[in-house]
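First comes the structure, then the notes that go with it.
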């Protein structure tokens, strides 16, 4: 076991959120990706998009604020930010398919060293593609937030996805509980490791060879 | 000319066994719960259901389309996501229910295409995946596209916040989702509304679904708060 | 010259309006067709549609009622009826192309005995198709209102259109200043003549042979 | 991140000679008059203009796009209707302006397709007419369709009644027309509004053009009453 401390889901989301540029429109998927919307760094104006028809997702609502007509992913009640808008599913995907969204954050079962993504189907289950295939094809940048390995400890960052693809060569950056990895034409570049983790430990949990960035650093949540 | 029905039961009275039905809603928001209950009580079977997800099961209780699936009234489901509905997954495993999976944005566009009289369209979505199997392909500007066809239905069940007697509808927030495009695509579109208002009460500039698309409208009998 | 009296544009429109069924959605084109919207018979509820994005056209506005954002065809200010809605051009044509409109009333340069319509281009002019081709393909019934002959007295109801077609076999009924003619699989049926006109006079102004309806009558604007 | 421009002049400063520009408006309603005036004053030429009609000439005075056409600044016009603009007709006769005629509904759908990332679509519109010349054909369900391709542009000029600093827009009545779909299809969409309001002032449920589509917004300098 490593002496390092893994990031929590919230911390992974927080680290990913630090990459958001001022003025960007960011689509978020269910689960950990959604949490990214809750950690926008101060001074950054970003508009969060969810596929079922909202642009301008704010904080999660509680108590009196809860509106049953304003739900996010997984029944989570939402508060819209100033400037938000709601619209049909067709419009929501026109934004995605039309290339109007700057960044999307999704989860993954597997990511390959070339940036292929598998996140829609596992053997023995009916498919659950949702909006993933629409999103990955036309968004300008695609981030993945996930645990570095499966519950059984198997690498999720692989040479070649064994599961059916959601899209080929679509992922730009991967944020896990132990690392930040960029997908580059030369291969996967390990840019950051969780506090206390060594590059070797990250490599051991990763199938393809990682290129260690000359500027390798520890993940920090201070911006 | 009267589109207003007195009850959900009367509004769905002619929905037949084997009918293809579009069901609005996404997760727990914007489902036509009263129309679905009426359909359930009527005992209609062999339904081809088109909806984003096969209803919701929460704490073991089926909601919306999931009530029909639990009773095995749905022969085929066209949607984007299984939504971890275990009844659906089990029936899919045993072959009792057929599942046509469509990427969500493609599905939305196919429904709109049915309503807008578009014969088919090309999209890059899924072109490099298993979901492209059997679809016609075309290279446009050097990029591979697949041909997607419209998704019409015998009936569309939609839910809106407010409606008027001519069928003009207004939705709220994320409860709009698929409802407004499904309203366009039903041969017979049936809308349930929380509030049925006078003909002149809705703002001409802010109607989401013009009444031209709506054949029947009913004030929903009951709305329970779910969140 | 005939002893009969020709219908005015308003009278042609009024006669066409008598065919509207309760509850119908009726698209109207520019000019005489628009006038149809001003003559709905009492007791009939109809919603009038114009291609640029309005459903629920009411009376022409005057004086204080004029709103520069609410114009019909040819700069004519409008008043919406209760239940009206406004929307984008894409939505306006989704209604037409999608087959949601019950009836459309358009003008014509020529109509053939098979119901072919030519109304979009004349030699030496750039084309002016507007929404005509979108409309004629998918509307449930198509009416034409026009003068029976050109200004030079040439028939506009012809065996075969010499002008390029807007659509083949699309017209259901023709309303002119001297006749009402239905397009049927057997040919053109003369159903009504203007007061004082004889069927022979109408035939003389029409190229294809007319079938005289056994119920032939004089055009009456009393419903 | 600032989308608000101080003047129409600044908002159109980088529109280049030869640019393809979508112009909102239909007849006299909903035209981006201030942006067009700024473009005119800047002297941009060889424009490829996409608009329903080539502006309007009324009592001999050119309005909107007709002002640019009179000065021969438009190289090509893509639209549905000549609108009896005699300058346009004359230049078309002498070959000084190219004209691509698109049926109005097809044109609207092509513009939306450009904005929505659709590679192309099939329609029956015009399939049996001269306007089908050169278009790919396909029989779908026994009916002849033509393939229509998206209509994108370097810039879209749109006009709305109200807008907020993020570019959310609301239109009024028939002044919406092509504006909302053109806003989706411009690489750079520039909106002029009669009223520029605070960020939180527009109703979340009733925004016609979400700000995601709008890169620049400006309060129009002057609106003259035309009818």
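Note that the chains take the letters A, B, C and D in the order they are written out, and that residue 1 is the start of every chain.
Basically, a residue touches a chain if its C-beta (ideal position, glycine included) is under 8 Å from a C-beta of that chain, and two chains touch if they have at least 3 such contacts.
All values derive from a computational prediction rather than experimental measurement.
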Common touching chains of chain B and chain A: D
Chain whose mean Cα position lies farthest from chain C: A
CA centroid of chain C to CA centroid of chain D, Å: 29
Whole-Å gap separating chain B and chain C, where each centre is the average of the chain's CA atoms: 36
Whole-Å gap between the CA centroids of chain A and chain C: 57
Shared interface positions of chain D, touching two or more other chains: 109, 112, 116-118, 123-124, 171-173, 176, 204-205
For chain A, residues contacting two or more additional chains: 80, 86-87, 90, 93, 96-97, 138
Pairs of chains found to touch, sorted by chain label: A-B, A-D, B-C, B-D, C-D
Residue ranges of chain A in contact with chain B within the complex: 50-54, 66-75, 77-78, 80, 86-90, 92-93, 96-97, 121, 124-135, 137-138, 164-168
In the complex, chain D residues that touch chain A: 1, 112, 114-118, 164-166, 168, 184, 199-200, 202, 204-205, 207, 210-213
Complex interface listing, chain D residues touching chain C: 26-30, 52, 58, 80-84, 88-89, 92-93, 99, 101, 103-106, 108-109, 111-112, 123-131, 161, 171-181, 208, 225-227
Contact set on chain C toward chain B in their complex: 22-23, 25, 45, 47, 49, 55-56, 80, 82-87, 90-91, 93-101, 138
For the chain B and chain D complex, residues of the former touching the latter: 109, 113, 116-124, 138, 140-141, 143, 145, 149, 170-173, 176, 203-206
